[in-house]
Amino acid sequence: MKKTFSLLLAMTVAVFSGCKQSAETPSGGNNTPAPAAKQLTIGFLPKSKGNAYFVSCAKGAQRAADELGDKLIVDGPTDPDPARQNEIVENWITLGVDVIAASCENKEGISTALRKAQAKGIKVVTYDADALPDARSFFVNQATSQGIGYALMDEAARLCDTNGEFAVITGSLTAGNQVAWRKYVEERRAAAYSNMKCDAVEACDDLKDKAQSETTALLSTYPNLKLILSTTSLGVPGAAEAIKQAGKTGVVKNIGLGLPNENKRYVHDGVTQGVILWKTEDLGYLTVYAADAVAKGALKSGDKMFKAGSLGEFEIQGDNIMLGKPFTFNKDNIDQFDF
Amino acid sequence: MNTDKHGLKKNLLRHETILFVVLVAEWLFFDVIGHNFGTYDNTCDILRHYCEIGLLALAMTPIILTGGIDLSVASLLGLCAILFGKFWRDAGMPIPLAAACTIGVGALAGGLNATLISWLRLPPLIVTLGTYSLFRGLAEAITHGVDTFTDFPNSFLFLGQERWLGIPAQAFVFIIATIFFWLLVHRTTFGRSFRAIGFSPEGAHYAGIPLGRRVAMVYVLAGVVSAIAAIIYTARLGQAKADAGTGYELFAITAVVLGGTSIFGGVGSIHGTLLGVAAIAVLHSGIAHAVLPGEMAGMLTGLLLILALAGSILPKMISGLRARKSAPRLAKQIP
Amino acid sequence: MKQLLQLSAVTKSFGAVQALKGISFDLQAGEVHALLGENGAGKSTLIKIITGAHQPDGGTIEITGVRAEKLSPAIAHKLGIACIYQQPALFPDLTVAENIGLRLESANSLSRVDWNSRRNQAQKLLQRIGADISPDAEVRSLSMPEQQLVEIACALGAGARIVIMDEPTASLTQKETQLLFAVVRDLRASSVGIIYISHRLEEIFQLADRVTVLRDGESVATCPAKETNETALIKLMVGREISQIFPPAESAPGEIVLSLKNLGCTAGGVKNVSLDVRAGEILGLAGLVGAGRTELARTIFGITPADIGEIFLRGERIENHSPQEAVARGIAYVPEDRRRHGVILEMPVAQNMTMAIHRRIFPGTWLRFGAERACALDFIRQLDVRAYGPEAPGHSLSGGNQQKVSLARWLATEPKVLILDEPTQGVDVGAKSEIHKIIRRLAKDGLAVLMISSDLPEILGMSDRIAVMRGGTIAATLPGKSVAHEVMAVALGQKRSGG
Amino acid sequence: MKKYFRELSVAAALGILLLALGIFAPSFFQPQPLLSLVTREAPTLVVACGMALVIICRQIDISVGSMFAVCSVCAGLLAAMHWPLALVLAASVLIGAVFGAFNGALVAGLGLPSIVVTLATMVTWREGLRWLRQGVWVDLPNDVQWFGLPQMAGQWTLVLVALTILILLALAMKHFSVGRFIYAVGSDAEAARLAGIRPRLLTFGVFVFMGALTGLAAMMNTIQSPQVDPNSGTGLELKTIAAVVVGGVAISGGRGTLWGVFAGLLLLACISPALTHLHVEAFWGKVIQGAIILLAVVADGLRTRKQRN
């Protein structure tokens, strides 16, 4: 017992002395200003891996990185733990990336880590979901939470002729963006569509199957339901399947945030009236271009326009680079998109 | 007696020794293929990131030593985190008072597990499966899933984000907890009782060991430690939310079992658990620094777990052929 | 006579220990072949080889003239070998009928279970051995001897040609034992071969045709039972003469230490027990299994606390709600089932010995390894425990030495009252005599000893007074110089002598 | 009566819940939504049956959720390649059985504790799938849904398949030797060995069977919708273990019936829609689920405590 212990101790000391040595070697290229021609390393952080939305974003990001000749690292939490994002950012700090592009699950939570990155000379841009303003240089704004919430509610109201009952399927009760979108949906309803009533909010734990079960229960509980609104991309197809199985195609409308590919079939069947989203690949593409430009000093605060490769010019409002308005995919245009 | 030679050989084949070699190998491997992996900064980061899981694993060790299990620790972490936020923001308590109250709640929640397990003699797996849902559900119900607690004072955030004397502040809590649990398990009669209960609850009862109290103690301790982990978690992230620590219970159990503690109870050590946590933490951090796909960390952890188990079984199978019980018996499921 | 079983030069080692060193053994149809030997002589290993639970390292096994390679429990079962183990190998969660059915019906997984015939068969078998057990009872609700009876019914019903009985009477009452003997004789008459193992030599002479004695993994003698006697057999088993004479009583009983007044415990089935135990006295507690002796001990020790009546310790009234309270007051209980309750097999001898004295030897809860080791070495010397050191795990010890460790644990508490439950059950002759000497010495030193035993000669030889229990209460208290049949008569509740 | 006390009490709890729904939310009992609800739980029931066997055998399998996801994705990919559905079904079951055999080999072959083995395989399969597929959904051809049957017929088929499996298994566990062997091994593996049963082979078999049932369940899930979500099956292990335990199967093996599991699963499956129908807000779901599990075991504990005294 004692012997093992002293052995362990000796080896621990050996390891740590080794690690101190390596600490003395300069780490990363971010302490000295990077020459313009140098290949940049960009850390691209989605909210979660294995989510079609972010897979699509990363696809655009990779295309941009290839064009620019940068190295792209995509990593994100695989389990639904908000602390994992911080861990990845901090790993990247020691790894020595040049720029971090992050979609933030927890505004306050991740900002501490991002500020730390900035203190080490790493540039930070955010996309999809913002951090606190002092923790990043620019936010690539695909649409504000307000914009999304309002757009969803407006579309819902249009389909229901501004009166009737509807229900909301949310990804989870706790996730930050879901909370924000639900808030703005409600705000818009209260302000503009007082004839409409939200009967219930159910969580589907980001599982399509659960969204279907919940919708089935909603449909039989509230016979007057006219519309299901999903604030998560997994909710729309699940809800659509439930509506179809209940034989209420067209009677109960179905809209939400979602990717075209997952919803094409239902849109054509007339179960889903439309899904709202921006062009996710463009979001990733623009983000990487912005990140690259920030790191090279080409994009500074105060700029009014930004040119991103083949996509052309984008407007900058303050420190938000605007991707444009959310796009509604419906029966007429959905086949033109493949993501 | 020539126990010396025998003893040395035995020590070399000890689970902890092998695991330590694996850990060093991991470290060296990632130091070579990863960028800036073996730096002091990164070592500190690993300490910070795995502090909560480490704490939960420490508390889990005596539980598994008694032959039990606690699936509810991570849910309790979530509940404690938001209660801490509530105490501070809504009840207006100063941070230290809020922390004390949170720890009190942790002890109470651990007490609920303890009561059901030791007083009603219910299987720990099921009781804590129930409280796993219950605690997380309460956390969501209290905040409606929406409420988030932020804007904690910097003096508090220091605990989770800054270094003191060159070491991450929460590492001090972890070191104290490690010393506490090491002494408890290896140097006190309590630890002795845990083992006896793990090997044979009835035998321990007949030997006059206060079975109920000892078993209750480990679950209450786990509750307290979960609360402390919740506070550190809040300080590290700067926010408290109902989903804090989701999935940490599996991390903690994996670390403990990887560290050589038998899931059937009786066998195991705190230093083993420490090595188990370190092996998992280094793996995750190393994969990230070597820019390998993050999923590999999970897969390798699973693989390591199976290898560690098989490795600990093989010498036993060989010597088992010599010892009295010949065929390897079917492992019994935890009580 | 037909040869049923022939083992030639069978060897088996476990690591460095050679358990069997070339044993030859045979069994004829229609005979009872007794197998004798001290614990550790190799009996259990030999049985496990015959039942296929262990594979021999060398030698051959022939069953009815056919060589059996790679015997497994399943194959042995098919070949008509049935075994009644010392510890019933039953399924506690299943009913009696299911247990019997599982043993008897074909091991073909896809066969249908016929519940009616299964119940009827179980009923018949149980009736045949005179057991009053419902086939629908769950086995976990049965007492140890009842389980043993179910085990016997299984072996009986299997229509086995070779039946192995490993201490079948260890927990049976006299009446049940006689029924069992009748069954054994029946089996023998129907030309079944029986291997009979027992520590009770008188049973061997009642039943056996031939006797084989094992010592240290070797077969030292095989001879017809009629041509030998107890003394000769004991000599063969131990390889030396051992006096069967119990150590003489030397002490004069002192003051009353433990006094029970109308003690009762519903859960344990103990009622209205009044009893005094004096310092320096060995009070033998006799009775049939199920008479409530162990239950009384458990009540005094606080495992199943008393719900009525009073316990006085040195005149002071006490209430024990848990073992730890009893230990703190100076009551010690060496339990019957040492493998489950007496010793924690995985833990070292030293830790086992100090388990009940944590508070005293480790003040302030801090472990003191030096003190522990010293304490253990002291007891190892005092009780002559044969282990390779204080760090030897409990399972590496033989039964007798485990019992000594269990005893040491309780002596370490420096008790005022020592309750011994079957202190020599399943212990070999040599160790038995040593344990007797230890008990006698303890009494001489002024300890009040309450000794439960089903071994009548032991009760008679050791006790200063004998309390006989029947139906959960004390039926009579007899002087130490009683005769066996007097005690049995009380235990059985008969006026005439019981046999 | 006494023998089936637990099964009956869970059924009674379910009855009370349904009665309450009948009074306060009769809309719950519309046939079509109810059928959809039941169909959604049909794969879960199949997995729960397998889990019951595993737990009766004194083991546990927490990798079912991951196996379920892997089988779903594989079945989906094969169906998308226009394999005949019967072949896809066979492949899904086979893949499940292979995964089950892996668990079984480690548990029964090497004697490793099942809870740890399946914890490891759970993580490994789940992460491996995520790595290979990156969470991309599998789009199925049109005729895959409901085996190409009309929706109603398809739903009834799935429900009947699940019920048939339940009934067959429940009968087999009582009336066939192999069922009694599983109880015997779960009750005491060493005694079973001495009685001529081969506990390790049986345990291996139970894990393989668990895997095969999971493969079947995955197929039953896959054909319910036109797309396969690779995250399906997340949390399935906890759901089924909870159902099995609430249904009265002892976690220490050897006791319990599939009827109890059926009642337990229905009870737990009803909670979430019942809350919706009773207009209770969603975040109480977890609390109530936890409370039901605790209530079930506490009731058990109190009863055995009473018996002990």
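Letters A, B, C and D mark the chains in the order given here, with residues in each chain numbered from 1 onward.
To be clear about the criterion, a residue touches a chain if its C-beta (ideal position, glycine included) is under 8 Å from a C-beta of that chain, and two chains touch if they have at least 3 such contacts.
Source: prediction; values computed, not measured.
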Problem set entry | Joint neighbours of chain C and chain B, given as chain labels | D
Exercise. What's the chain with its C-alpha centre farthest out from chain B?
Worked result: C
Problem set entry | Euclidean distance of C-alpha centroids - chain A vs chain D, Å | 34
Seminar exercise, completed: For the pair chain C and chain D, the C-alpha centroid-to-centroid distance in angstrom is 45
Exercise. How far is the middle of chain A from the middle of chain C, if each middle is the mean of its Cα atoms, in Å?
Worked result: 70
Seminar exercise, completed: Cα centre of chain B to Cα centre of chain D, whole Å, reads 29
Seminar exercise, completed: By the touch definition above, chain D meets two or more other chains at residues 127, 130, 190, 193, 253, 281, 283
Seminar exercise, completed: Among chain B residues, those touching two or more other chains are 140, 144-145, 295, 298
For this session: Pull out every residue in chain C that's touching 2 or more other chains.
Result: none
Problem set entry | Chain-to-chain touches, reported pairwise for every pair that qualifies | A-B, A-D, B-C, B-D, C-D
Exercise. In the complex formed with chain C, which residues of chain D make contact?
Worked result: 174-181, 183-184, 186-188, 190-198, 250, 253-255, 308-309
Seminar exercise, completed: Within the complex, chain B is touched by chain C residues 13-17, 54-55, 303, 322-324, 326-327, 333, 335, 340-347, 351, 355-356, 358-359, 362, 365-367, 388-389, 395, 409
Seminar exercise, completed: chain D contacts chain B in the complex at 55, 58-60, 106-108, 110-117, 119-124, 126-128, 130-131, 185, 189-190, 193, 199-200, 203, 238, 241-242, 245, 251-253, 281, 283-291, 293-294, 297-298, 300-302, 304-305
Problem set entry | Residue numbers on chain B that touch chain C, as the complex places them | 1, 3, 186-193, 195-196, 199-200, 202-210, 266-267, 319, 321-324, 326
Exercise. Residues of chain A touching chain B in their complex?
Worked result: 1, 3-5, 7-8, 11, 15-16, 18-20, 22-23, 27-28, 49, 73, 75-76, 78-83, 86-88, 90-96, 106-109, 111-112, 116, 172-176, 179, 203
